[in-house]
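Pasting a structure here, questions to come.
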Amino acid sequence: MKAATRTLVVAALMLAAALVAAACGSEDTIGGGNQGEVQVAKAGKPTGDITISNWPGYIDPGKNGTVAEFEDKFDVNVSHIEDVNDNVQFFGKLQPQLEQGQSGGRSLFVVTDWMAKQMYDLGYLQELNHPDLKTVFDNIRPELEKSESDPQRKFSIPWQGGLTGIWVDTKKAPEIKSVDDLFDPKYKGKVTMLTEMRDTVPLILQSQGIDVDEATKEDWLAAIDRLKEAADSGQIRRFTGNEYTEDLTSGNVVAAIGWSGDASLIGREGVEWRKPTDGCDLFFDQMVIPAGAPNTAAALAFMNFVYRPEVQADIAEYVNYVTPVEGVQEILTKRDPELGQNPLIFPPAGLTKGCSGDPDPPGDAKDQQEVTEAFQDVITG
Amino acid sequence: MTRGVTIRRRLIPYWLLAPGAIWLALFFVVPMYFMGELALRSGTPAIGFTFDWAWSNFPDSLDGNTEQIVRSFYYSGVATVLALLIAYPLAYAIAQASERWRPLLLFAVIAPFFTTYLIRTIAWKTILADSSPVVDVLRTLALVPDDGRVLATSGAVIAGLTYNFLPFMILPIYASIERLDMRLVEAAKDLYASSRQAFLRVTLPITAPGIVAGVLLTFIPAFGDYVNAAILGGTNQAMIGNRIQSLYLFQRDYPEAAALSFLMMALILIMVVVYIRLAGTEASMGEEDEGR
Amino acid sequence: MEPATVTARPLPSLPARAWRWLRRNALRIYAGLAVTYMLIPIVVIAVFSFGETPRDRLDFALHSFTLEYWQHAFAIEELNDALITSVKLAGLATLGSTVIGTLMALALVRHKFFGRRAANLLIILPMASPEIVIGAALLSMFVYYQVALGFTTLLIAHIMFSISFVVVVVRSRLIGFDRSLEEAAQDLGATPLETFRYVTLPLLAPGIVAAALLAFALSIDDFVISNFNSGTTVTFPLYVFGVALRGIPVQVNAIATMLFIVTSLAILLVIWQQRHAERMAAVQPETEREPVIAQPLPPAPGAAGG
């Protein structure tokens, strides 16, 4: 026995000594962004392999889908991985490599605009040369040429947009029409909400009658408290990324805060998306090229490719999200008049009025960190 | 000449040991130090973390996560007890089984290991889904309220933990029951002990080391588990493992993550030391007979 | 013990007989139930791999029988890549950890030396620590040194946690080892190295193979440590975790069932081969004394039948 204790003591002393020794010499910061020079994506003839990370259900990956079409036309081998489930989770996965200027093998990925901005500020993205993206800027909808997060479109190109609202199983709970309804004890344990803070919290704020543009940090924290209460009481079954579609499919929940175009992921009849009566959220996901990405030529070619109106029409047909490209509505109406009028793809102005736009929490960096941590606490459980 | 050979001979074990010892030291022991180093930094993910002896990280992470720590104790404790209750009779039965059946039974016990841990747990998600026949039966038996569910409750997580770590409980107990000399039990009975007394006074104490080993081998990994809570649990079932995972992989708040896992490791280390005192390393290691 | 009696008694009633049968076989019945409980998920996994499922994703409902997911088990590129990565990783990790672990076991069992207790401790600790701590600590070190996470870091981690298990398995085999064979070889003039190569190693082989299998299984199955240290490399369990969020392709169940069958066969093979080798080399298994089987005491002569 004495020998074992002796060993433990020696080991502990050694560790302590090492700690002191290294501490005295440790100057460098861990994390904090890649301070290297910002790269500009190089164009060229697209060949070879390319890996793209995207959200599930955002493109037709099948044999007759857009990805296959791109592969054929450009003789490029595309590995399309649907592993973006939640912006924060995806970021967490890639961050250590992005921090060192590596892209984790990806040439292009799709994240929401606020995350794209965060990544750019941290030096994780490459800049885009507009002349290399002729098709994009020829066909982009005028109102999307600039955006709040990327005023000069230096690093992000819109992929698809959508609305955050409520998916409702009309057979089981047809009366759910607002975010407030989700807190009805009648549906205890049968409701999920999103892990995306910028989607969920503004919706709560709006349901409380607070104008998102004028909300204060305290308002956000109060909304998060309301979420915590509901989570603790079991009202909210869980917080999800894209996997709320699974809960809806299996019948585990009757309503979920979710994204407007995910119909293709929900395998249950009678489940429909509704814009909440007490608020809404409009988001635009962006294509970005990470620092250190291989084969940027193919990535740029891909961006141009999906901005061809015909191709975009295919995507819109499959995905049912808001398209950033001009001229798609005419093409779709010719194919299928009903589709051409689908409000989820071509939302009329009334639908998107008053919607929040995935805003950052108010305040400076410290305030934002506080709000983010409070929210993360709630959703982790 | 002899002296040279003896010295070389005495060095042999060290040569044999070296690769493993170095590998384990480098990649098991040393990382613990780095985890400690990270735990003493402060900052935010956006601006980076600098080292500044931030001892406050430890009590801070304890404060912010007490609920999950307590919950982890509770879940893994209940799961361990349940596993013990299930495992002991089963191990006994296997030890009593005939030569022909025993290997098959043992095989059945380790068979779950042959499917991926995740897939096993997801299978339970299927079995316990709200609309599954199993849950319907539980409802008719009134074990589950009519409008209640099994998934996304503490019960589901505990059930998952129990199932997944059951083999860790069965095998050590079986190993020690197998060594039990039944003649001792017979002797006790000859001395007018009842079956129950024989069990309590003879069988149980002799198989105690197996029980202790099983309990530790079940409780410790269960305590740090997060997969069961992630797949079978809901908003209220997060364990300390879920917290650590979220902090390390999603929020990238390395200092708090490291402090929290250090805390968890300290709690567990105390238990391991207690175990070593109880059973002694020699007993668990079973060294070769030294009288050779 | 009942005294022998000659008086014939009528047979006890059926319920009483049933009750007695139940009591006598209670333990066996319980064992049967418990084993069924352990195998339920495996059955569920297999069953659900045969259902004709819409969208090809598991949806927790039974469907009509189809073999299509078995026929096209390898149709999903991501899944195949993940499987290949897992197998490559497990293969290399097994190689590394088996070699290192066997050497360690030899040292620990056959030699007395200063630091033996410390070495023993070093071996138990990884087995006793929760995987999350091991994974998180490794990640901490990699983060500190800004090492790129990927296949290499995974390999390092997998070898590390397998070593302990290899040592334990090989050691238990070494303990029951009959040294007289080695002594005989040396008496016949073999050098220590030759003895090792031609006598020790072959006899040790089943134990080493068992340890290697264990290491392989541990590596293929590992999730937690890989989750922390893989970066963007995807192993099979990591792939499953990823798709668990957005819909598990039915092929996953088919592949899991396949893995189960293959592993089971491998283990059965090892057991059979071990028995065979033992018979050949007359090496006694560790428990030399008669494995004690507790038999119910034979019924006293003349006790009422039933």
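The letters A, B and C name the chains in turn, as written, and every chain counts its residues from 1.
The rule is short, and it goes like this: a contact is a pair of C-beta atoms (placed from the backbone, for glycine too) under 8 Å apart; a residue touches a chain by one contact, two chains touch by 3 or more.
Model, not experiment: these values are computed from the prediction.
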Chain whose Cα centroid lies nearest the overall Cα centroid: B
Chain whose mean Cα position lies farthest from chain C: A
Distance from the mean Cα position of chain C to that of chain A, given in whole angstrom: 40
Rounded Å distance, chain A centre to chain B centre (Cα mean): 37
Centre distance in Å when chain B and chain C are each reduced to the mean of their C-alpha atoms: 16
Multi-chain contact sites of chain C, meaning residues that touch two or more partners: 60, 117, 121, 143-144, 244
Sites on chain B at which at least two other chains make contact: 29, 32, 37-38, 129, 131, 249, 254, 281
Where chain A touches two or more other chains, by residue: 4, 8, 30, 93, 250
Chain C-touching residues of chain B, taken from the complex the two chains share: 10, 12-14, 16-17, 19-21, 23-25, 27-32, 34-35, 37-38, 86, 89-90, 92-99, 103, 105, 107-120, 122-127, 129, 131-132, 163, 166-167, 178-183, 185, 216-217, 220-221, 223-227, 231, 241, 244-245, 248-249, 254, 257-258, 261, 264-265, 268, 272, 281, 284-288, 290, 292
Footprint of chain B on chain A - complex, ascending: 1, 4, 8, 11, 15, 18-19, 22-23, 26, 29-33, 88-89, 92-93, 95, 118, 122, 189, 231-232, 234, 236-239, 250-252, 365-366, 369, 372-373, 376-377, 379-381
Chain A residues within the chain C interface of the complex: 3-4, 7-8, 30, 56, 79, 81-83, 85, 93-94, 96-97, 99-100, 102, 104-106, 240-243, 245-246, 249-250, 265, 267
Residues of chain C defined as touching chain B within the complex: 27-28, 30-31, 34-35, 37-42, 44-45, 48, 58, 60-61, 99-101, 103-104, 106-113, 117, 119-134, 136-141, 143-144, 156-157, 159-160, 163-164, 167, 171-172, 174-175, 179, 217, 220-221, 223-224, 227-228, 236-237, 240-241, 244, 248, 252-253, 256-257, 259-260, 263-264, 267-268, 271, 287, 289, 291-294
Footprint of chain A on chain C - complex, ascending: 54-55, 57, 59-60, 77-78, 117-118, 121, 142-144, 146, 148-149, 231-232, 242, 244-247
